[in-house]
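This is the structure I want to talk about, given as structure tokens.
Chains here go by letter, A, B, C, D, E, F, G and H, matching the order in which they are written, and residues are numbered from 1 within each.
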Amino acid sequence: MGEVIYGQGKPVDQIRMAMAELANHHPVLATRLSLEHGRELARTFPSGHLWEEAGLFCLGRNLEAADPKAPNSDLLIVTAGSTDLPVAREALGVARFLGLSASLVSDVGVAGLHRLMPHLGTLRQAKVLIAVAGMEGALPSVLGGLVKAPIIAVPTSTGYGANFAGLAPLLAMLNSCAPGVGVVNIDNGFGAAVLAKKILDGYA
Amino acid sequence: MGEVIYGQGKPVDQIRMAMAELANHHPVLATRLSLEHGRELARTFPSGHLWEEAGLFCLGRNLEAADPKAPNSDLLIVTAGSTDLPVAREALGVARFLGLSASLVSDVGVAGLHRLMPHLGTLRQAKVLIAVAGMEGALPSVLGGLVKAPIIAVPTSTGYGANFAGLAPLLAMLNSCAPGVGVVNIDNGFGAAVLAKKILDGYA
Amino acid sequence: MGEVIYGQGKPVDQIRMAMAELANHHPVLATRLSLEHGRELARTFPSGHLWEEAGLFCLGRNLEAADPKAPNSDLLIVTAGSTDLPVAREALGVARFLGLSASLVSDVGVAGLHRLMPHLGTLRQAKVLIAVAGMEGALPSVLGGLVKAPIIAVPTSTGYGANFAGLAPLLAMLNSCAPGVGVVNIDNGFGAAVLAKKILDGYA
Amino acid sequence: MGEVIYGQGKPVDQIRMAMAELANHHPVLATRLSLEHGRELARTFPSGHLWEEAGLFCLGRNLEAADPKAPNSDLLIVTAGSTDLPVAREALGVARFLGLSASLVSDVGVAGLHRLMPHLGTLRQAKVLIAVAGMEGALPSVLGGLVKAPIIAVPTSTGYGANFAGLAPLLAMLNSCAPGVGVVNIDNGFGAAVLAKKILDGYA
Amino acid sequence: MGEVIYGQGKPVDQIRMAMAELANHHPVLATRLSLEHGRELARTFPSGHLWEEAGLFCLGRNLEAADPKAPNSDLLIVTAGSTDLPVAREALGVARFLGLSASLVSDVGVAGLHRLMPHLGTLRQAKVLIAVAGMEGALPSVLGGLVKAPIIAVPTSTGYGANFAGLAPLLAMLNSCAPGVGVVNIDNGFGAAVLAKKILDGYA
Amino acid sequence: MGEVIYGQGKPVDQIRMAMAELANHHPVLATRLSLEHGRELARTFPSGHLWEEAGLFCLGRNLEAADPKAPNSDLLIVTAGSTDLPVAREALGVARFLGLSASLVSDVGVAGLHRLMPHLGTLRQAKVLIAVAGMEGALPSVLGGLVKAPIIAVPTSTGYGANFAGLAPLLAMLNSCAPGVGVVNIDNGFGAAVLAKKILDGYA
Amino acid sequence: MGEVIYGQGKPVDQIRMAMAELANHHPVLATRLSLEHGRELARTFPSGHLWEEAGLFCLGRNLEAADPKAPNSDLLIVTAGSTDLPVAREALGVARFLGLSASLVSDVGVAGLHRLMPHLGTLRQAKVLIAVAGMEGALPSVLGGLVKAPIIAVPTSTGYGANFAGLAPLLAMLNSCAPGVGVVNIDNGFGAAVLAKKILDGYA
Amino acid sequence: MGEVIYGQGKPVDQIRMAMAELANHHPVLATRLSLEHGRELARTFPSGHLWEEAGLFCLGRNLEAADPKAPNSDLLIVTAGSTDLPVAREALGVARFLGLSASLVSDVGVAGLHRLMPHLGTLRQAKVLIAVAGMEGALPSVLGGLVKAPIIAVPTSTGYGANFAGLAPLLAMLNSCAPGVGVVNIDNGFGAAVLAKKILDGYA
């Protein structure tokens, strides 16, 4: 299906070499790229696709292309606030790289139910949801009361002070009063997309 | 207005003596009483009023009496789940002891918006809200998007595992995406009621 | 499908009343019961089924009955050590209560790969796995390299000292090098079974 | 009343665009600005007002203008030490942006009661107090014994070592022996001002 | 000068044997005794002195005897609240056992400066102070602004919720804005008295 | 005696202005200076004394001058490893600024008793000791068994990994098996010197 | 060589059955037994050997028998204080069960070097050392400077307050300034003995 | 055998001077060098050997030279992922500096047993293993079930979010279900090599 290279903390040369080698056989995706590393890869591989806001660079697929099924995607990624977008976009890009039909509903945090409710139809149509939230991390709990599909919760390190770099939403999600929420590591958009892929593969 | 004795961890004799002494001059309230201590005080002071479910014993006032203004109380105490009730009742009893018009809406956690929404009128009528929640502690965030009144958030130690005895909802409440939430200590129904009293005193 | 009552920390009278009321309409399951509470419920409702080792009491279904599809169940629950069994049995009983075909493979912790490997066929046949582990919580990582199905990870509070009541396996599971693991709260067999139900419902 | 943009961690372009759009309809305030971002906004919007020490930039109001009612303001912001000033100024600027009558008493930490006591008249005149403190976070406790008005406590990340970036004063404030203190997140001057606004709106 | 036996968690037989052996040569003090252990020692050694409220049993000295120099003692032990008294009494008893002139001022927590201020003369006369406080642990900071003598701070595990069994006052004391406070372990009245002894020995 | 300005995190202009103002009346000491800030102050005040390794700049005294009484100083500062030296030097400089007779014995960590033992005479001659240690923070415990004088323990943030920026030695020092050790905040050489000053003032 | 059953938290019936089954083929050791469980096993298996102070019960070997090689044992277990003895005895009993020549030196904590030093010859003769310590956990660091053999460090949960149930010595041991110390879990005497066995097996 | 200088956080001048002085008598190794410091040392001492990827610089030995005994080395260093390599190389280089026969097997994390199993012969031949792993830190547990030799576990700070800079694998390793694992500090390749040296010295 393709290979994924985790880019954080790696020298750009190492990523470049790995991409060149793997791209002979498969599509390749590099994640967690800094702006500079992403742009350097784009110069090396002009045929590739760089999605700066998601920290992704891909050879062999276009991650940002509109999903023809949207807003009826199998996978719906939902975010609480605009600062959660980079993680949500990582999940979205990885999901598309893995061949999923996926789209994004953003900025529907729980203090603004009036922004969430108009999306209820879309939310209920998705087969799997990924809820991305920092701050108090309550989005999966509210969603869990509204939809029947499995929910994958991604805490983000958005916030300050007693957020403790994502600990607050992580604990909140693990303690969700909506049963049946599966939690992944803080900022782990990649892992959420892989779990969604595994669930959706079972449906096929 | 009355005196309050914090009963937790104190020998019942010490509480009894303090009550006897203070009751000559004021109404007196003892909080955080175990079932045994509460009943022993009720035997000593037959004219007093014991509210077992709230851990309260009072000389000189009846804490459980229906509030004549309810459901139009100045102070509305809202709970997420039924396990939050002991803390909510402590807040309710203390509020009434302090002379406030207060009532309680319970079991309206964020995974059940359909249970919360019918109370919207009542919620918006209150001058101050106390939101009591364990688990992921999201109730104040949702309320903060629905009402304009100040919200006092009380995390409870309800939960297990990664709840860490109330740490999860405490952090969630401190990180609420609804600005303007004031948080008190875990299980501190008493402190929430006192803060409500101070705010409402300013309105008078 | 049935109603579930969380029994931990609740007085037995409250559980009994709730069961009596709900059982008129649905099967009812009470979870997290102490031995005494479970036996008291069994005396009150002689037609019910008590599973002591799982802390479960059920009216209207038999949770321990051998699954006719086993070992080809849709849901496979896998445990690292024998001290993880109570949580695994909670997951198993809840899954059966929810109507899932579920079975259990136990005592296949990662320090004994020779005990895990003979189950490889069974592991690969399941549509969803629940991995229950205390100590270092490595079971989901090893399973993630062996099967393609989604894995739900349940850390248990088994252990002592630097286990910190389940914190060690919780963190390990959130950091699994096998991507696509969804984690639930410490000891939360119930939540794992509900998530499995949601995923398997999508397959139907 | 106006719109507020949280500026921390956002690219200056994003803040600039949001300000331009919102300023057509309302006064707009950007918070948590770095020095560079603040100055860049001031160059873009020469009619705006930059308060560097508070990390604030405002279109449509002057935040630093002397409050005509001072020192008889409705809201009094009190700080323990001079390193708490940026957070206190954020609270002050936001309060004025929200239309409150607000002023500031600074450097009256609890190890210098002789500096605090001369302000007793001013302290007792305010309808709401915001106490801003790092280090051991004791200011709200001392104030709580001196005034009857509600106190909003803001821990700051001032300090080093076992301060743990504001954890020490946060815990101290949650454990205040003066009942009726509402705590907000570490360094959250904005949230404190919003809570003060909600309380004071009730008085009007 | 005498021997001290730390009694917590030890079987009473082991304490009894140690006392019997040591008492031949020196005064002996056992600390951290449960009520039962204390009373059992008192039955074994009728000439000994049991101070139940301090968890102390002593052979060869009377710990509770009024100090002839009080209130002009060299060492003054000051407590914030009445729940801090057991730890304060441990410090007082140990100090007297070590031969110090020591007395106690209690219930002068920082939310009640009007209760603290009348003791100012006594406070300023002491050569060393021990400040015992739970909750927000602010007492040493306030004292540090009022006296010149060295202050030994003892956090207590008094409190609940976000007190985390004494962590809150421990951190507060380590972060005191009054420089020159020496902190000992939570509830460690014994250690505080020994440090006072070492300091006062230097004065002699 | 002089004024001290805490320099960490403050703009150099603010420190400069404060020094200029205070220096008219007293000796002034600035602490926690970065290399750049220290050198900038030295250029502004050529008569001042900069001690780079200690992060100190002083007007009106020379902090590094050999102590005429050494090695028979009243105050002895002892360090475990060479990485603890900056904190130890801060303590030494502040002590001299405060007028104490103070000297330093370094690199005598507990894994090298053969390096500690030759200093036994010097150690036993001091009236007060400050023990500065990172890593496992065991130095005060070993010293406590060798000398009778009061010991002030300063944990340092030296170390990595499970040191958690000084938490490891802080906890070790609070749990010292040598009773009578007073602990100050991590890296708080200043506070240790002030406490030594208060103790030694009592001896005078 | 024998089988080991971890007894903590297991019903005595389960342990009894496991022992009966395994004892047909090997010596069997049960660890972490409560007093009651140990005595119940001793009644069931009168030929077995119960070591109450170590929480051990053994079929087929005598764990307490004096080691003929002592004090020249291959393995030397060293403890800081008397409260560390139960863990040290677990290590000693397990080591003997595993066939090692092992003995014990106790109560040589680092605040009493004069008690440690007389054992220097014995310490230097051992091929492997196990250092058991609670409180500040400094013993392995001091030993590491005195002997060349590998040191296995066992933190114990002895202590109170900021000991945090063994966290303080655990962190201290991980940060030992003596390189080459291998740490096991808090109170894990069993694991330390097994590691010693593995090392000593290599010497044979 | 040689001297080792810990280079982290030290000015390059200090390292250079120490190396120059010590190199007259012994081989010298500097560890934890930044790229710049390493290269600067290489310019100063052209006869030395810089191993950039390991942060090591050595005078008097070549650390990277192929081990003539490999893959039958006495010490085998095993890593889970490629990001663990810097720590593993530090261990390898230090081991060789200390004169050990040591080699490295990398990228055999527990989610890829098919990559680990081909090395089984090599793993079982080693006399001591060092297992280096970040993420969930499960490698020592799996190895412990496969080999009989003692295992030294090194957690690395590889990872993000709930990894908490190495805390997750540290706790996992301390809780390993494979008994007999000795753990060193996070990223402490040096300490692991020294412990291996002490163990192997006993075999000689």
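Everything that follows uses one rule, which is that a contact is a pair of C-beta atoms (placed from the backbone, for glycine too) under 8 Å apart; a residue touches a chain by one contact, two chains touch by 3 or more.
From a predicted model like this one, the values you see are computed outputs, not experimental measurements.
K.L.:
Average the CA atoms of each chain to get its centre, and name the chain whose centre is farthest from that of subunit H.
P.N.:
Farthest chain from subunit H, going by C-alpha centroids: B.
K.L.:
So, what's the distance in Å between the C-alpha centres of subunit D and subunit A?
P.N.:
35
K.L.:
When the C-alpha atoms of subunit D and subunit G are each averaged to a single point, how far apart are the two points in Å?
P.N.:
56
K.L.:
Please tell me the distance, in whole Å, between the geometric centres of subunit B and subunit G computed from their C-alpha atoms.
P.N.:
Here subunit B and subunit G have centroids separated by 50 Å.
K.L.:
For subunit H, what residues touch not just one other chain but two or more?
P.N.:
Residues 161-163, 167, 170, 174-175, 185-186 of subunit H touch two or more partner chains.
K.L.:
Mind listing each pair of touching chains for me?
P.N.:
The complete list of chain pairs in contact reads A-B, A-C, A-D, A-H, B-C, B-D, B-E, C-G, C-H, D-E, D-F, E-F, E-G, F-G, F-H, G-H.
K.L.:
Any idea which subunit D residues touch subunit B in the complex?
P.N.:
So the residues of subunit D in touch with subunit B come to 127-128, 148-152, 170, 174-175, 179-186, 190-191, 194-195, 197-199, 201-203.
K.L.:
For subunit F, which residues count as touching subunit H in their complex?
P.N.:
Checking each residue of subunit F against subunit H gives 83, 160-163.
K.L.:
Would you pull the subunit C residues touching subunit H in the complex into a rising list?
P.N.:
80-81, 109-114, 134-138, 141-142, 144-146, 159, 161-164, 167-169, 171-178
K.L.:
Please name which positions on subunit C make contact with subunit B in the complex.
P.N.:
8-10, 155, 157, 165-167, 170, 185-188
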